[in-house]
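There are structures below to look over.
One chain, subunit A, appears in both complexes that follow, with subunit B as partner in the first and subunit C in the second.
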Partner chain A sequence: MSESKPIIEFKDVTFWYGQNETEPALKNINLTIHEGDYVALLGLNGAGKTTLQLCINGVVPNNILGNFEGQVIVDGKDTLETPVREMAKIVGMVFDNPEFQLSQMSVGEEIALGMESLGYSYEEMVETIDEVLDIVGLQGLTERSPFGLSGGQQQRLSIASALAMRPKILVMDEPTSNVDPIGKEEIFQVAYELNRKRNMTVIMAEHEVEVMAQYANLVVVMHEGEIVLQGTPEEVFSNVDLLKSLGLRMPQVAAFGNELEKLGIMTLNGHYPVKLSQAVETYGRLFEKKAG
Partner chain B sequence: MEPIIKVEDLTHIYPTGQVVAVKDISLEINPGEIVGVIGQNGSGKTTLVKHFIGLLKPTSGKVIVNGKDTAPLRVQQIAANVGYVYQNPNHQLFARTVREELAFGPRNLDLPEDEVNARVEQAVEFFHLEELLELHPYRISFPLRKLVGMASIYTMRPAVFILDEPTTGQDNITTQTVYRLIKKLRDEGSTVLCVAHDMILLAEVVDRMLVLRDGDLIMDATPREVFSNYEIMSSTHLTPPQITTLSLRLREKYDAFDNVALSIDEMVSEVQKFSNK
Partner chain C sequence: MQGVVIPISMVPGDSIIHRINPLPKLAWAFGVLVISFATRNPLILSTLFVVGVILILVAQVGNAYLKVAMILFPISLTLIVLQSIAPAFPKPWTPIVSVGPFTIFQEGIYSGISMLLRIFAMTTWAMLMIMTSHPSDIFTSLQKIGMPYVLNFILTMTLQLLPILQNEFAVVLNAQKSRAMKGSGFGAILPSMVPVFVGAIERVQQLSISLESRAFGSSGHKTSYRRVRMTFWDILLIVLGIVFTAGMTYWIIVDKSLDWSETMVFHPAFAIGLVVFATLGFLAFVVIALRNVLQA
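After this line comes the complex of A and B, so read on.
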């Protein structure tokens, strides 16, 4: 695990959406995320991934009211005591449907929207717009209508709007579920570069386990409001039976290793490759032996 | 066998633009085939399949469904034979409850009420909608609403099913329900067209893939052939399932086996075959 300092800490967090809800949406969440982590949040729909993400910028419980217990500390700030407007400077949010986030007549105005409400000067805004569009690969599109962009471009615009606030943390809720394969590639690439080159902390809820195994250093698995597993991709995806019982998929190359082990073809002691490059190396041994 | 869908030199140009959305495509689909339609957004996939239910009419060329030229037909006249499940269920659902939504189609076909009810029950059981029946479709989560969209077409038992991105936004459990639906439709003899980016669905569930790029049909082949074709895959920015890529890499590196694996099971049997050599 990383050496850097904790940037997000959930301490015994339990949250009910309404007074009448019997089951909490989050149950006893304890989670520490370090600066520069790339966190994959896995779980079925309804497992609590979105609710957990909304705690990070304080929308839960400050805007979405409910019964909240415990504490969330983000970049040294207690979310219960910090206005969401302040949290927005630390935490950028990107949701699954870009159309719900876009409202302005031009790409530039879309990015300026958040900055305007935080009182940036005109010069600062113009400079920032160019900079963030460059980061997400949308340079030159400042005057275009957001609604004329492709799904992948729209989603990158959402990322750019979030980046304009200079956040340290980028929270993304299934950002690729409404875009085509090129768009997916683009979004995963941008998130990866923000994480690697700018040390931004990324928390991504996503069903594509193969991609998450490739990028994330911390995988968090949720089920019915609880965190049931957390660790490196290699650690989490060695829990084959638990993941199966929760109805979750693991990377195909890991599931393949588990099958080979069950059939006695290969001994892996429960440590399965999760990335393609690891898999080529590990399973290549089967063929090298034969050749030698 | 008479094809259930026959496309002859189909070209479609949207009235608003100069863009040729579909260019001179000809193909035939036989009853019972499970066909995946892939390509980037804007490649012409949705434009092509919308012709099969008459939502779009050819600018030139012909589309024949179930022996009938679609050009003079209205959507309502085609809908008994062809069901179209929208990618976005909000474009499709309108009833006040899930139950009414499921009953609407078969009732509209003038089926007797007990048949309507029987079909609703079968759909409820298959899609696990028991708890949702009396709810308004807009009160349930988006992924489940998509399943309701599929269920409400399933109750009509059309000969041809068109599913537009049925697994996007779904988790593993509901994705598996979609795969089971397609296999069930296959067993019941339906023809299924699936517009999809879900590579596992394409690898493990469909028999044939139509690959579109900029309005052209650039490949019409089995998933194994498509996924093995590096040029097609990279020019369309499609990535095969991880297990397929693994088998391609191992095959290249070790000259290990003949067949590219489309699933974990296939990969296991390739390894078994190899070690028995």
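After this line comes the complex of A and C, so read on.
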């Protein structure tokens, strides 16, 4: 996907939350994300993932004030010069707690909220609501109260509300952290389909490394406000020692390869499988060799 | 806390009153409010009240209304007690009967009864409006006639936040109980307030970022997803409501014979009976309410 054009560019971004903070929340961030990328943001709590994501639609530094240095260009727009509500048409945001994002009396009104602000016609709204509910799999719930939905449904409603403004980029900040296992699966599925079928750029901060290794084509690892690693899942998860020192987990299939290597059973030279399909192939060959 | 909250919200239904646009209902509820404050005449007030109750029955929201009335009635009884000994009337007052240091006045009983009827006339019509209209429809209609969009949002949000805060309160109370703190009574409510409000502030911060990310607060033309139909009959009802209110208010101001404060004479036994009933009724309510609060 690297042939497609860059859609998000961070150029030497440093950000301090308060005037008196000594440690910046983001340190010299340089990152280029291309159209259609699925980006996994990994890192412990407090690593700067949320702050980085809030830079993409300009909430940082336009709404959350602080010392901002550098430049963020999103779809050709400088976030410093573009109001957040303008950015809403380019960037959809989904946050970790679904309940904290909902405010309306019905699912339909919740999705319509942004469109009302932008002056969409009634017919457009009805059409869009049906369309986005279809995408997230909540058909027929238009009249239900958002607060009567399950956590997974609420989070998918948040996604639908963001999609209503037809953004090119979907930014999700730990969208599954308050959701049960079935709900998690539903959310990952929706994000995956948006990325593959609609070529939407997805940036997801998540702790589920297996899922991220499965879907993402770019993995960005953050630590104390800095990007310490970025690359394909295969590249990033070959840095076993560094990830361990940062307190991060590897996908279990990769950890398995690492253990086999330590025991001298197999030599992978850091090329650990990160997806289940790769693991079946790699370890399958090993078992065949042993059996043969 | 569940038992303390008064359930005032829409009762879903398909009655003829449910189908009326919220604006005519609002116009009539407001009209009744104006008339109720314009007069003390018990006949006018009780007629408004009775018509309101009939409409409540037509709308089939009687049960929900009764729940509110059961709380309202004992509270408004205090008006009779207070008014009977200290009427909101220009002196001199006409004493009916004296019991120890207390004197019950003719004007007091008259004024107490009027105020009670006034409260019931107003609230019945207001309940009729609230219980038969979807809140979003009310706000959308108001927005159409000039209420700011942001105010609409604040009102909607507040209605949503109340049950959430109530739930959060229950969670915090349970957490307090599980840490062997006092989990019931007034002593437990105060320490629980802090975590609930801190949580509410955090929630509002998150929500504001989320809303801003969804283009909320854009300048320029705004549209509304919720469509409220306004028929010829709705407009007619509004006009009738305005004419009725203006006519009644004019009649009340002009016709001095509607002031029955001197002609309506109460028997001393009736006066004492009423005050005793009001006192006991109110006290019983306080005792029951306190017990509910302490048990919750």
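Here, the second predicted complex is superposed on the first by the 291 of 292 C-alpha atoms of A that agree within 3 Å, B and C clash if a C-alpha of one lies under 4 Å from a C-alpha of the other, contacts with A are read in each partner's own complex, and residues count from 1 in each chain.
Keep this in mind: contacts are C-beta pairs under 8 Å (C-beta built on N, C-alpha and C of every residue); 3 or more make two chains touch, one makes a residue touch a chain.
All figures in this text were calculated on a predicted structure; none of them were measured in a lab.
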Exercise for the section: Based on the superposed arrangement, let me know which partner A:239 touches: subunit B (first), subunit C (second), both, or neither? Expected result: neither
Practice task
Based on the superposed arrangement, let me know which partner A:177 touches: subunit B (first), subunit C (second), both, or neither?
Solution key: first
Exercise for the section: Classify the contacts of A:79 with the two partner chains as first (subunit B alone), second (subunit C alone), both, or neither. Expected result: neither
Exercise for the section: Figure out whether A:154 sits in contact with subunit B (first) or subunit C (second), or with both, or with neither. Expected result: neither
Practice task
Quick one: classify A:59 as touching subunit B (first), subunit C (second), both or neither.
Solution key: second
Practice task
Using the touch definition from the top, say if A:201 reaches subunit B (first), subunit C (second), both or neither.
Solution key: neither
Exercise for the section: Give one of first, second, both or neither to describe whether A:89 is in contact with subunit B, with subunit C, with both, or with none. Expected result: second
Practice task
Considering only touches as defined above, state whether A:112 meets subunit B (first), subunit C (second), both or neither.
Solution key: second
Handout entry: Complex contacts: residues of subunit A adjacent to subunit B
Key = 43-46, 96, 150-151, 174, 177-185, 207, 210, 247-249, 251-253, 255-256, 259-260, 263, 265, 276, 279-280, 283-284, 286-288, 290-291
Fill in the blank from the handout: Residue positions on subunit A within touch of subunit C in the complex are 54, 57, 59, 63-64, 84-89, 91-93, 95, 97, 99-106, 108-109, 112-122, 125-126, 129, 147, 158, 161-162, 165
Exercise for the section: Provide the residue numbers of subunit C that touch subunit A in the complex, in ascending order. Expected result: 134-136, 153, 156-157, 159-160, 163-164, 202-203, 206-207, 209-218, 220-227
Exercise for the section: Please give the residue numbers of subunit B that touch subunit A in the complex, ascending. Expected result: 40-42, 141, 143, 168-175, 197, 236-239, 241-243, 245-246, 249-250, 253-254, 256, 264, 267-268, 271-272, 274-275, 277
